[in-house]
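Okay, so chain A shows up in both of these, paired with chain B first and chain C after.
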Partner chain A sequence: MSDTARTPETLPFGRRVRRFMADRPLIPLIILLIGLVVVLEILRPGIVNERWVANTIKFAIPLAILAGCQTMTMLTGGIDLSVGVIATMSAFIMATQVGTHDPAIAILISLVPAALIGLANGIGVGIFRVHPLIMTLGMSLIGTGVLQVYQRTVIATGSSIPDILAWLGTGRTYGVPNALALFVPLALLIIFILRRTGFGRLLYAVGDNEKATRIAGVHYWKVIVALYVLSGLLAGVAGLLYVGLIKAPSLSLAVPLLLPSVAAAVIGGTSIFGGRGGYTGTIIGALILTVLATLLTILQMPEGSRRILFGLIILAVTAAYIRITEDS
Partner chain B sequence: MTSDLLLEATGIAKNYGAVAALRNASLSLRPGEVHALMGANGAGKSTLVKILTGAIRHDAGTILIRGQARDVNSPADARRAGLVSVYQEPALIPDLDVAANLRLTGTPVPPFRKWVEELGIPDLDMRETVRNIPLAVLRVLDLARALAIEPDVLLLDEMTAALPANLAERVIDVIKRQRETGRSVIFISHRLLEISALCDRATVLRDGETVGVVDMAPGADEKIVELMLGAPAEKARAIVRKADAAPAEGAPAAAPRLRVSGLRVGTKLEDVSFDLRDGEVLGVVALEGQGQDELFEALAGMRRASGGTIAVDGREVRFRHPADAIAEGLALVPGNRTDGLLMQRSVKENIALPFSAPVKAWGPIDRKMERKEVDGAIARLQIDTRAQSEVQRLSGGNQQKVTIARWIATGARTILCFDPTRGIDIRTKREIYQLLRDLAGQGHSVLLYTSELEEVQLVCDRAVVIFSGRVVDILPAEIADEPALMRAAYGLARADAGATPGAETVVGAPS
Partner chain C sequence: MSRFIRRNGWVFGLFVLFGLLLVFTRAIQPDYGSAAFISLTLAVLPFAFAAAAQTPVVIAGGIDLSIASMMALTSVTAATLMDGASEEFAILVVPMVLLLGVLLGAINGALIVITRVPDIVVTLAMLFVWEGAALLVLNAPGGGAADWLKALLVGTFAVPGVPTAITDWIPTALVLLVVCLAVVWIPVVRSRLGLSIYAIGSDSLAAFRSGVSVSRTRIAAYALGGLFAAMGGLVLTMSTGIGAPIPGPYLLASVAAVVLGGVTLGGGQGGLVGPIVAVFILRLVRSDLTFLSVDPNAATIVEGTIMVIVVMLGALVALRSRST
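Right after this comes the complex of A and B.
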């Protein structure tokens, strides 16, 4: 508490910076991303080249798509913890079906369970009002079980990755990862949905004040069911892309991406309490996490300490980011 | 300058971003004084109270308590210094029961119970979950909790705004007794009558500055209004009733816009029947908890009726969701502004919210159309949009306008306003009265519940009085003065006019 009168023009430098950041929350994220890349280059000179950039982008994209699921569900005050299992499921089903079906058909088949799990999530959260955390966690357990049963039925089938997915997942054209051909339109679509469509508006609105949306005539369950189906489908697509990158379908393929997907959305400035956030920040969040993972790998630490450090950095970044951008 | 002042604040300033909530506010409080803090909405009253009680920090200025500069950095500090406040919104935790809330704040229970009883609630169940307690009772509990600590200075922000007349009287009695024991009260209210009956002095804020301190004496209220408005006061009555030169005379044969017959909802609303005509403002008058909440919720589709019928334009309708009511043109402006608004979203998104509600409108937004509708509604309601990026930065009056603007932009034909002027300054109140009349003039119908009885004659064509879940009287505005309404609201029958409960009373054009 000070006794000097302050007008907005004479704010101290720190507060002005803060206000600037609060108005443009992407800037601190971009600064952090660049900072991490610089640190990496200092620690291992020459590592940052065209090939490294392309690789980083390739690995960041499936994460960014899964984080898109988190962003959209978190805007409504929810979360989707089933995305890891959904992605794994789609990848595994596609890889085992491609032997007996055309790749396009196999891909379509593989997205059906993704949509169904999303539908179940949506019905549970939107109609029966199960907390999204419990609902999606429960569905991911069910999904894991179903996948194990499914695995027995196709045990003799063997698996393969269609060329198109391998091309998308790992290929580069003139040095540019092919995955961008899928991701750029997808990201633009998500951003468009969030900013310029009635559905996107409702996601923010429901997360801000559900009662107000009800008074305004919004059917909560319709929004939520559509949202979780969309989230399931996106997770399925992410799984297909990821298996094209990893090339080894397994029963736990994309599960390790689950927590980073939540972290990417949170680092990207989406509030888990709903109503605030956007997809652009999430994409940068996914890039930050990917670069961070590389950084920790080249430090040649044991796995345990690497994980501890990874967790600590995510917590620190999130806390700092909220302090910087939240209007005091 | 040590003096006998209990509290002295000078040159208080507070900025929220680029918006200055307070520029140069001052306030001095003598011991044993009831001091009114007055000002239009957004003048900075609530901000000043929050600064005095340490809930927020000020950017500049000094606060002296008993002549000594004191850093009040938290409500706990303020409490130690003898300052306790009751804010505009209830400050009890909804999921706990009353007893647990008291333990949480370390409030001694026996004095609390004593005060609750004195304030007119004899049978409070301490184990009732706060969520289930009506707003008016919560306000009283908040007050009792503050009184139980025996503060030297009690700050009451819009204490009586949500209270029915009987509870408001008790509150005022208690405040008077505080004064007799040498304690002081800072009292914020928009009810001038209350202020002039109760207060000793009034500090008037305008645009974050103290523009005058008025000794309460006959004629002082005119002066306060002048100071608040920054211009000589006009008579509200004249403004509004002028617009009401010709009340709508719906063709007698035509079905009314809304016909409610024998409506029963929950346990409170038992049997309510009335007609709402095209172009009519129909007042609903009731003491707290007589079923008016249930009536509005049923009409807005927020909850289902358990008996009786609702007919729109002669067709019987059933609402399972507010969307059904909106489709029939019935839209709710809820009593609690925070229930209706997306606080973190922009004015534009708040007004445009109903556009996106139907699934067929989930696609790309027609931004040109939206801009046009939203700008039209903003201009029509004269919403101050300086802080339009987030509705939570607007003043209460402007927030209320946003909830009304939404339905004007949507073109709802019947607007259900539940106490829309609660806690709003006089100037904005008048704008809202005028707006409701204008809407009626254009053929909209308005159902208006009001806790301020004088509003009935200012705005309404007729008034329905509800007592313990039943219609006890329907009066034309000309005879619905405060005593008549009060008598009816307490369930006392009108001596003249043989109005039986639920019966129509013919409204004549004022001559």
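Right after this comes the complex of A and C.
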């Protein structure tokens, strides 16, 4: 009896919560992030301290930058699967060139192939209308080959990481990771581009309705070419930062970050079909994935079960997220 | 005949290209003979099954990023089951592993339908899941394979009454490939299911309105992909004699072959023959580059460039035909 009386009261409340979350899609994500941290603290009391937070942020930043590439390309209905190879490439080239050049010049040199691969991606997708998945996969194949050939020419050179990148990647000032000095302006810039500039608005427009934007007089190919070049450059920067963190340039340095970068953007609420999403969610998505990885590590499960859980959680979070934001 | 060629223009062109490549190979490597062709077929086999696994899914308008992981999982399952078991037991293992493949694919498809998450994301997540499962089954490369299964891939296929000059060019592996694919694919394409797969790939709303059960067909397409992936996994175990839990480079190759083979991403077009021929072409290009003593790393560049250029040309042709 009392049950039936209570139902009409609780139901609107549930719906209200749901609508509230759908209006502010970041809130369920932040709740999830906090929840994961709480679980971590319960499982291993005392692990959550200043040092741990700084470490988590350090590892989340390269992922978040790469996920930024995915966010922007996904907004137009695309995807950039070449970011892993681009990041690896610029890191490796920088590390091998720094012996003969000034660090600043080596960094500039290393960003050239990143921009070139981005340009090729943009031309393929924007002008020739190749499916972005195929185009970026193909370019990453080419990039891998180029990198392997390049490795042979510098086999005697050896590699080193310039101090500035090591400082950025691993250093901390008053407990705050230095990488934030690069990431905060970068993230603000991306958010600014997406929210306040014409280019950002075009990205959403192209992803939402390509035909309409074309009829409205937008040069589709220009938008796409600029987008993929930007994405390539960002991936290059992420690679430089990541090698400063890992300090061991190799030919597969950032490749394992590729799939998590897609996952971070998707968890962060960016639609893979384009037109919806934003970078703030992606940053939280990257943080969630990093905390999740720590959580799975301290559970001391076999590697196999860890991967299974990782995959299932990505799927569950995305599914729940889609349900929350679409149902109301 | 001319209508047949026009309809299957792309596949026909691929066959011509493959023939030209064979002639070219013969020209740069005069002793390229049946033995080399047999080893080419053996190398092609897992890639061909990976491409076959991707094909029905792409035709249905989806994509499956977990193919290489499914191959790894089915391969280690087969290797673990057959390790130390009797030869007769392997007869049971084969259908079990194939069934497992169907199940894995069906789970992929069902998750896409139930969660309404885009297929790329679901299969990306399942890539981790199947890979993890493969690691749980077998932590390091190991296991075994029945001798009669391994023998299935070796040598040439003797047809009574045909001179050996011809049968030398028919590797058993090729026969196995064709038979396995044909036994599954031809009945499917001829059936209502095949028509539905093409229909949902071409326009799922129109298909739904014509009474096609879109979700069921989608699950079936993924299950079919899983079946081919399981065949690929079995072939891996058969050719190496062991199972390896780390997925090979089959995902990228399968997407490349499918696109080169004339199956457009987005769905509704193409067939199974194109991707298989495309796989042969890609592998033959690779061995040609070896014959030309090109750095194998540069061969990766060439392979990627070919893929990108062909796809660009294909897209350009599609653009032209749409605008006229």
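Just so it is clear, the second predicted complex is superposed on the first by the 315 of 328 C-alpha atoms of A that agree within 3 Å, B and C clash if a C-alpha of one lies under 4 Å from a C-alpha of the other, contacts with A are read in each partner's own complex, and residues count from 1 in each chain.
We adopt the following convention: a contact is a pair of C-beta atoms (placed from the backbone, for glycine too) under 8 Å apart; a residue touches a chain by one contact, two chains touch by 3 or more.
Only a predicted model underlies this, so the values are computations on that prediction, with no experimental measurement involved.
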item	value
Touched partner set for A:Gly275, first chain B, second chain C, both or neither	first
Which of chain B and chain C A:Arg19 touches, first, second, both or neither	first
Per-residue contact with chain A, leading partner among chain C and chain B	C
First (chain B), second (chain C), both or neither touched by A:Ile105	neither
Chain B versus chain C as contact partner of A:Asp208, first or second or both or neither	first
Touching partner for A:Val38 - first (chain B), second (chain C), both, neither	neither
Common interface positions of chain A, toward chain B and toward chain C	none
Touching residues on chain C, where the partner in the complex is chain A	63, 111, 115-118, 120-122, 124-129, 131-137, 139, 245, 252, 255-256, 259, 265-266, 295, 297-305, 307-308, 311-312, 315-316, 318-319
Chain B contact footprint on chain A (complex, rising order)	1-8, 19, 192, 196-199, 201-202, 204-205, 208-209, 211-219, 222, 226, 275-276, 327
Residue ranges of chain B touching chain A (in the complex, touch as defined)	11, 13, 15, 17-18, 57-62, 71, 73, 300, 302, 321-323, 325-327, 332, 334, 338-345, 349, 352-359, 361-365, 367, 406
Interfacial residue positions of chain A with respect to chain C in the complex	79, 120, 124, 128-131, 133-135, 137-146, 148-149, 152, 259, 262-263, 266, 271-273, 302-312, 314-315, 318-319, 322-323, 326
